[in-house]
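Labels for the chains are A, B, C and D, by order of writing; each one numbers its residues from 1.
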Amino acid sequence: MVQADAPRMTVEEFQALFERCSNWGRWGPDDERGTLNLITPEQTKRAAALVREGVTVSCAWPLNTEVDVENRMPATHLMLRAGDVVAEVETSSTADYLALAPHGQAHSHLDALCHVAWKGKIYNNRPVSVVTSMGALKNAITIGQNGIVTRGVLLDIPALNNVEWLEPGTPILPENLEAAESAEGLRVGEGDVLLVRTGRHRRRQEHGPWNASELLAGLHYTCAPWLRERGVALLGCDGVSDYRPHNVEGVRLPIHTLTLAAMGMQLLDNQNLEELAQACASRRRWEFLLTIAPLRLEKGTGCAVNPIAVF
Amino acid sequence: MVQADAPRMTVEEFQALFERCSNWGRWGPDDERGTLNLITPEQTKRAAALVREGVTVSCAWPLNTEVDVENRMPATHLMLRAGDVVAEVETSSTADYLALAPHGQAHSHLDALCHVAWKGKIYNNRPVSVVTSMGALKNAITIGQNGIVTRGVLLDIPALNNVEWLEPGTPILPENLEAAESAEGLRVGEGDVLLVRTGRHRRRQEHGPWNASELLAGLHYTCAPWLRERGVALLGCDGVSDYRPHNVEGVRLPIHTLTLAAMGMQLLDNQNLEELAQACASRRRWEFLLTIAPLRLEKGTGCAVNPIAVF
Amino acid sequence: MVQADAPRMTVEEFQALFERCSNWGRWGPDDERGTLNLITPEQTKRAAALVREGVTVSCAWPLNTEVDVENRMPATHLMLRAGDVVAEVETSSTADYLALAPHGQAHSHLDALCHVAWKGKIYNNRPVSVVTSMGALKNAITIGQNGIVTRGVLLDIPALNNVEWLEPGTPILPENLEAAESAEGLRVGEGDVLLVRTGRHRRRQEHGPWNASELLAGLHYTCAPWLRERGVALLGCDGVSDYRPHNVEGVRLPIHTLTLAAMGMQLLDNQNLEELAQACASRRRWEFLLTIAPLRLEKGTGCAVNPIAVF
Amino acid sequence: MVQADAPRMTVEEFQALFERCSNWGRWGPDDERGTLNLITPEQTKRAAALVREGVTVSCAWPLNTEVDVENRMPATHLMLRAGDVVAEVETSSTADYLALAPHGQAHSHLDALCHVAWKGKIYNNRPVSVVTSMGALKNAITIGQNGIVTRGVLLDIPALNNVEWLEPGTPILPENLEAAESAEGLRVGEGDVLLVRTGRHRRRQEHGPWNASELLAGLHYTCAPWLRERGVALLGCDGVSDYRPHNVEGVRLPIHTLTLAAMGMQLLDNQNLEELAQACASRRRWEFLLTIAPLRLEKGTGCAVNPIAVF
């Protein structure tokens, strides 16, 4: 799609793109909700009306407790009490413990707006120093604590070309997004959660895991203005939305930076879009009610979530 | 409500009640879903039709990281990287870590069917030894991994008597549940998530925390057959559904035992029903779409959740 | 001992005291070892010669996993695999997991020199910002990673007056330290680890735990110049060395500040000095070989330790 | 050394070897200390007399927080408060948090006697079920809580042949141990901690980490009776004492099984013997005072430790 020898974008050019995409001040100087502001009760109500069958599909993977090349910070799941502990009464109970660093390539999670800074600033012109060693004083994961309930749209990019996955490293362009819209007969609009499938996990299923921090399909930075124009409320991907390696100087993750920091748009990383893609394809319908319910983790920078699509 | 000098129930009597409530074998010998089987796609679809305004309300409390008399296993929320870490590129990212033992009186959580055993058995006649020190091989939290999306009904018991809360120790009887149904103009039915408000947190707000493991309002054990008869799919409470102290010998938590172990009905403990109660009262409508999305924690005995009500 | 109505020390007076005690620059501008420099091989060799019987005594308490009024951050000890997990071979193995925030009133631990700052500076004039959210880049616990092996001296203050403990809130003055020296027939000297017993845990044993962050016996700030003059290498206490409440304005813990930040002297907090005091008294000998072996936790601010006295 | 095509040992033959090495009952039916019983005060006293210079050397590696092929359960080191948190007073403090599963190929740790079972039994004929999901009720790490202070002896096997390391997979035989004794001019005896160097980390330094759970140099099972005969109190290695792959059927780790389960001899795994080997070689002296101070972790199966050698 994008040529490998495309000219590199300079930091100055990226800065201009950042400013073009910026929503700083758009909802006032105190705003912390960013593009969640685009999900109005009316949007939520219309999304609920998409439920025709009552079938639910998870967009998360099981929490991964095993190290592999993708999972350098595995979840820790341990028991406090198992069935071997004899109770002093007829009833006994078991209990467990979970520890998780959600931002990792193997965990399905939601990024808060404090997760990425650009030139020392996070969304809405706040210094990154508000993200202290005791937690984020601003732009925390709690902006979605009453639930994110709106229309979800899946754009299945590999399906466009009848392939099972995009090769790692492939950038997705706005024209690819629009081609998927056409193929699916819908248009991404204001207040939507946009889920973009690259087929990453189909490939993983076939060829095993690889180091996704080096090589991954995802959105080219030119998609950022497109996302803003369409009024997308939240972006999700089976990868991390960004493609790698990319050709922007001095920026680790261009899409992360343009969404989280410039637009105030949260990201769903490492989603499970396989069952969802099948559910959509079999119905020839790529829109659904989507509910995301991050834990109420005050000052949190992210959270493992299990987004549920309802058809 | 129940007299303090009511005769104690013996273990034998409780055993008979257990058998009367039992759903073991009802959905086959291999069933692990229990009363989630009562939530059909039709139920989910009809629940979605309850959305009239698109307003969402969380039923969880913020994760509690501070020790108090109720919170003996506080959540641990720590930063992996805060805003003080200078990036080698223009973008920098922050990240955090969360550790949690969800079964505690201060955490809003969902209990899996493996959480409580009666006479060495968990739901559907499985030995509690299937809950190993490496996790629950059966009846784990994953039975709800595609989301629990159905009608939620709030029965606000203190509102019946125009009080702000039930005094700790008060048992709720089936007749109280039915009085609330009448007052609210609805009937709890098959596939519903029933949320019962005792006003615990209003009292806490007024008088501070107390040791809820000793003194708590909740459902009397005679409510168990009622729950089964109505076809409730899942029970939630601002307490832990049980009242304390109770008058059943040799049983730690009668309602926990009758729901989780006998009926195969999961429980939502320590829910935040304050905003929900206000949302219901102001609309004079105590039913809503409810979505619960436990993390996909394989072999888990429970999970912190953030149930979202949609009006 | 010190009168309750003693005039409060002002911040300015404390600053002067801080400067008087300061070892900044004493071992060069790059030094991170502070008063560990006073433990020479010769000191270590002479300390080994104190071993006459080969009897060893721990100066730590068991790691405390239960919440109480003193223990707001309990240790987490969980199993990865217990004996219920059947092996596929004749041998099977069990394993566990420990999580700990060592700085707490219930854990026997060693404080690193980065643990306390005064006016934004830690030992040897370093800005506290070197203690980043990813760990301490300077003055970390690793300065003792090859072991701290030297003479230990116990000054048993309650024994002076034939009481079992000092009442919480009691300050210990230099004259009390010297009276204990006389009574025990020794003199604290260069390179020693000085352990000061207040009898805190005898009182706890008798009356139960209390909130030691508000009320605790310990050293008066006038002991700081005394410690420096004697060349103490490391200070330990069954409390936290400081007494509370104290009468210095604007300073949370005067002794912590004067030792860690000014002198570069590490602290052992919450030590178990009960068995040690008995071992000393029964031998009429309050000096011994002491070994402290902090885990090699790079960038760590402290570490649970189990100091071992050898008689 | 041992031929690759040596005949495999059967489970029955191993059982006979196990019985030959067994110390079950040797110190009574209630004993939990195993070969620590061999460290008498006299041994400790004589070991202290080995200190001639007062030079200390750590036998541990830094705690490893990064995943690699050897480190599948990295330590978690996080900050509770860093230097970015402004205090309300002139003093501020920083603090951290450490979580660790000590039994792993990358962590220097001490194995408790409950760590390995043979045919369902741990040391002294106890059923492995005493190691519950809430911790080990017997044979826990606390047997060494007053410190393990005795003579340490390093047998440097690669030095025998003037090589830097033994190739992974190489078994060490009793004759190799004795050859090292001769070369070093000493004899391993009762109450000693025996440290065996294979050069694993020199190789790692040169060639990078490899999967040590598959390929590792270590002691052949014929060393077990030798260890027992000599009265070794504790065995340590820069590997895990066992070599891999080995040729005993149905046994995961023969040396682990024969020491921990049969003899009641604790193991030090993954020690740092590089500085120690240099310290010994430069002095032409391979004996020293060794102190090991496991944290007082009640019911623990093991503990990260930092053994300190004193010359």
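Here is the rule we use: a contact is a pair of C-beta atoms (placed from the backbone, for glycine too) under 8 Å apart; a residue touches a chain by one contact, two chains touch by 3 or more.
Since we're looking at a predicted model, the values are computed, not measured.
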Fewest hops from subunit A to subunit C - one hop per pair of touching chains: 1
Shared chain contacts [subunit C and subunit D, defined touch]: A, B
Numbering shared by both copies at the subunit D-subunit A contact, with half separating same from different: same
Subunit A and subunit B: spacing of chain centres that average the CA atoms, whole Å: 29
Distance between the centres, which are taken as Cα means, of subunit C and subunit B, whole angstrom: 45
Subunit B and subunit D: spacing of chain centres that average the CA atoms, whole Å: 47
Where subunit C touches two or more other chains, by residue: 76, 79-80, 82-84, 97, 99, 129, 132-134
Touch-based graph of the chains, sorted into line, ring, star, complete or other: complete
Parts of subunit D lying in touch with subunit A, wherever the complex brings them together: 66-67, 72-73, 76, 79-85, 99, 129, 132-134
Subunit A-facing residues of subunit B, complex: 11, 14, 40-49, 51-58, 60-63, 76-77, 79-80, 82-84, 87, 89-103, 108, 114-119, 127-136, 142, 145-147, 149, 250-253, 256-257, 261, 289, 291-308, 310
